[in-house]
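Each of the next two complexes has chain A plus one more chain, namely chain B in the first and chain C in the second.
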Partner chain A sequence: MLYIKNLNAFYDDIQALRNVSLHVKEGEIVALIGNNGAGKSTILNCISRIITSVNGSMFFRDQDMSDLKYNKAVDLGIVHVPEGRCIFPDLSVWDNLLLGSYSKREKLSTCKKNINKIFEMLPLLRKKKDQAGGTLSGGEQQILAIGRGLMAQPEIMLLDEPSMGLAPIFINDVFGILKQLKEQGKTILIVEQNAQKALEIADRAYVIETGSIILEGDTDELKTNQEIKRAYLGKGYSEIWD
Partner chain B sequence: MSSFIQYTLSGLVTGSIYALIALGFTIIYKSTNIINFAQGNFVVLGGMLAIYFREQLHFDLPLTILLSVTIVSLISFLLEFIAIRQCKKRKAKLLTLIIVTIGAAILLRGLAMALFWKDPGKRFPAFTSDAIITIGGANIVTQDVWIFVVTLVTLFLVVLFFEFTITGKSMKACASNKKAAMLMGINVEKMTSIAFILSGMLGAIAGIVITPKLGMSYDSGIFWGIKGFCAAVLGSLGNLIGAVGCGMMLGLMEAYVIGYGDIATFHLFQVSNYKELIVIIFMLLILVIKPEGLFAGKTTSRV
Partner chain C sequence: MFLNEKLETMDRKEIEQIQIERLQATLNRIIKVIPFYKDYFQKKNISTEDFTNIEDIQKLPLITREDLVRHHPYGMFSVPLREIVRIYPTSVPFRLPVVVGYTQSDIIKLSKLTARVLCSVGVKKDDVVLINFNGNIINGAFVVMYGAELLGSSVIPCFDSNPEEIIDILRSYRVTKLITTPFNALALSDVIEQRKISPQDLSLESIIVGGEILPHYHQKRIEETFMIKVSEIYGMEEIIGPGVGGECEKKCGIHINDDHFIAEIIDPKTGKSLLEGKTGELVLTTINREGFPLLRYRTGNITSLIIEKCSCGRNFSRIQKILNHTDERLIINGISFLPKHIEKILSSYEHTTKNYRIIIERANNRDRMEIEVGVTSELFVDQIRKMEDTKLNIKQDITDNLRVNASIRLVEPKTIPYPWKKETNIIDKR
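After this line comes the complex of A and B, so read on.
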């Protein structure tokens, strides 16, 4: 569904990504794991066309993405739920969700139906629907951000650090929602620092270090990889070698 | 008592104009964070174009209004499309963009003088008649009623636009979080264009309704611009209701300074001659005490 080959990305004259190649198949959940600053979010920003100073080839369902504008990417069904939630703080929860469906250009009645579907899946939002987005707690905001992303009826969802800065109880909630989405057969590319959680949910994963992919494979394989265990799953040397 | 009503009414009329201009500042600020210093020149152009169409080409009033508003919104659109967007593409800083608008203001002033006339007193006849209406002992002309009604209708439409249309909401979204708006597929550049067109329209409308009363001169852009800017800043920049409220407040204050200033200072100073100065001192005082303006909402960001 999504194919990226030899992607290089630049921030002014600093190269952030070096020859990144990855693919996501339909119905698959793929995780990108790696440390802070490794370039995980940059990859997502390239796919959603927020960053355009790139070279390399990117294809979404046989469509070349190299000249695509960011709003056209959303029209194609590439929906990016950004790092740090990025909800609209002064707009109500309802309006946040409504704007999620902007790219669909649907009638208001259809939007209302879709919002109600989101409310069924994420009942927490129904209770807060008239509240300004900025008054929600971090976890609630993350759930709103996911709901808003779903309103765009994504073909592929790019999730950037959904668990960042959340209380453990909300981390479980968020991953619970992701499991639901997985059961519905949604295609997701997820970036996570919480490698443990990410590997639990994903089918495959890529490991990124300083802008390059250093390892890829099925999550079952990666979970048993000694190097991954040591670097990302927080198992100490002694535990591994003893 | 009748003199109080008189000052209040004339204050509300000038206040309406300030409110329209302040709204123009606010809409552009909200969607781009730019203070558009050419806003006052949109007022001048609206007024001068209306005089030109009405007095020299003898168009009828609806056509005059339609043409003047369209041309000014087009100019406003071009200002953004040609100058500001290109500067942004070259990664210009916000301050540079604001200075571009000052440049545009000077350019528009020059163009208005070169293409039209320098005579400051020109005007065109009132929309309907010059009849005087008496309310509670106070006299106003019918054009005052027009100014007030047109302003209220326009403000109402603007609020409806922002609260109930998807385009209005998307513009608010762009102001609220640009990156997120982009990721929703909202075309941010298009929304910026709409903001400039809307501000041009508001400026032109203000110019057209006030011209039959006060006339319009090529160089009064600064005067209108400063009044509107003060109102927008006092109204906590970016707050539509605040801009309108503070516009009205400035108008009223000016009227009371003119009306009561001399008496209050025992005719020692010709206070009414310094109304501009007094209003600006007042604005500075408020900003010293309450730098966020009078209409600052609770900041609602939690992480």
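After this line comes the complex of A and C, so read on.
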């Protein structure tokens, strides 16, 4: 579905990505894991065409994305749920969701139907539909951001750090939703510092280090990798190399 | 049959994408930790960013077994030893061992890959599988066992049983698939014939062989004796054992698992890459190996590469049946060795000279080897008993060291051409 080859990205003179090649197949959940500043979010920003000073090849459903504007990327079905949620705090949950379908230019009645579908999947949002987005907790805001992303009927969803800043209980809620999406066959590319969680739901993962991919594989294989355990899976593994 | 049809039938575009991704990731990893590559990249003034497509692999040096020996034991490992869960020294007679290391993740991968290969040659969950490997390919036996168990087959490992015992087990346990070496399969054929066992008394559906070269005439003999098909699986101890590839039901070459290996064919003399379809030496690159990645490893096997889609649905590249090696290796009933190894054995005897000749014939679809050994006149004038002992000892030494049988004839040195040349001192009548 998404094929990226030799992607190099730059922030002014600084090269953030070096020869990154990756792919995502339809119905797959693929995780990008790595330390802060490794280039994970940059990859998502390149795919959704927020960053355009790139070279390399990117194809989405056989369409060359080289000269694509970000709004056209949304039209293709590439939906980016950014880090930090970026919901509209003063708008209600309902309006936030409605704005998610802006790019589809559909009739209001269709939008309403779609919102109801989102409510079925994410019942919490129905309960809070009239509440202003800014008054939701962090976890609820993340769920709203995912719901808003789904309103754009994505072919592929790019999820940037969905667990960031959330209490553990909400992290479980968010990943529970991602599990549901996986069961529905949705295609997701997820960037996540919580590697443990990401590897639990993803089919495959790429490990990125200082702008380059150093490892790729099925998650069951990667989970046994000592370096990943040490670097990304948290406590208890520090003694391995130290 | 497929283990994962979607994965095994992916198109070339997808395969090539995976290959470049994994090659780049492998290079990004090893350049930091393997001094051999670090130095090479520095010397050639290249970086990992110079590898943007599969053809760029040619910028890497070809690796031989001798290179691995030079970095013995752990010089080519790409992870610290504490991450290695299995260390396997691969030994070849008269050659220094090479040490192969596997991480836990490598073990999972090789089990999956072997399961895939076994599935492609027809092994299934309901099968009773007898695995009969021995000697220096015992690691392959374990790998095959993991693969077959992953498929859910009922596995009977028989690593050191003799052919008589194997035949009894085949019969009593109603074994449906036999996985063994060509040499063992030939030995089993002998037992079947000697004991006049009807193949119908066995439940065997097919025989799968690997680990050694299987010439057509040996394959024919095994197939005729057992009245079933023989399929081949391919691998190398230095790579991951038998998970590199296997035949499919269409039997039109051995499919290489392209998502884990990049196969190339080179001219063995110049090292230059050859085009698809040309015969040359197979070079393999592991692209998904953590502990012991091998880049552009010269297998010594002569074959050619086919990239077109197979009628089984796979787009994985195929290699033609391997019938030759790049060196002067001789293959007798599935066992390969170098003539210089015979020379080494002969040189340890008191009255032998450097003159020797190897005569190989085929009878009843088996290879027979006779070695004419030049001995000094002292031995001829000595007791007959001493001559007989020398013959017997040489014969035993050859069997012990090279696992091949040979009849020995002691001759006067002048009757054998000298100095030794392959053309004049090996008479292959097969």
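In this text, the second predicted complex is superposed on the first by the 234 of 242 C-alpha atoms of A that agree within 3 Å, B and C clash if a C-alpha of one lies under 4 Å from a C-alpha of the other, contacts with A are read in each partner's own complex, and residues count from 1 in each chain.
Following the convention adopted for this analysis, contacts are C-beta pairs under 8 Å (C-beta built on N, C-alpha and C of every residue); 3 or more make two chains touch, one makes a residue touch a chain.
If you're wondering where the values come from, they're calculated on a predicted model, not measured in any experiment.
When both complexes are superposed on chain A, chain B and chain C sit side by side without a clash.
In the superposition on chain A, no contact is made by A:N116 with either chain B or chain C.
Once chain A of one complex is fitted onto chain A of the other, the partner contacts of A:Q63 are absent, as it touches neither chain B nor chain C. Within the superposed three-chain model, A:I213 lies in touch with chain C and out of touch with chain B [touch as defined at top]. Of the two partners chain B and chain C, more chain A residues are in touch with B. Judged by the touch definition given at the top, the superposed model places A:L22 against chain C, while chain B stays out of reach.
Touch criterion met: A:L99 reaches chain B, while chain C stays clear of it. Using the contact criterion defined above for the overlaid structures, shared-chain residue A:V79 touches chain B, although it does not reach chain C. Think of it this way: put the two complexes on top of each other by chain A, and the tightest Cα contact between chain B and chain C is 28 Å. Chain A meets chain C in the complex at residues 3, 5-6, 18-19, 21-23, 25, 206, 209, 212-217, 220-222, 224-227, 240-241.
Residues of chain A that touch chain B in their complex: 48, 50, 69-71, 73-75, 79-82, 84, 86-91, 95, 98-100, 102-103, 132, 134-138, 141, 148, 152, 165. Partner chain A is touched in their complex by these residues of chain C: 13-14, 17-18, 20-22, 24-25, 28-29, 48-49, 51-52, 79-80, 82-83, 103-105, 108-109, 288, 290.
Across the complex, chain B meets chain A through its residues 166, 169-170, 172-173, 176-177, 179-187, 297, 300-303.
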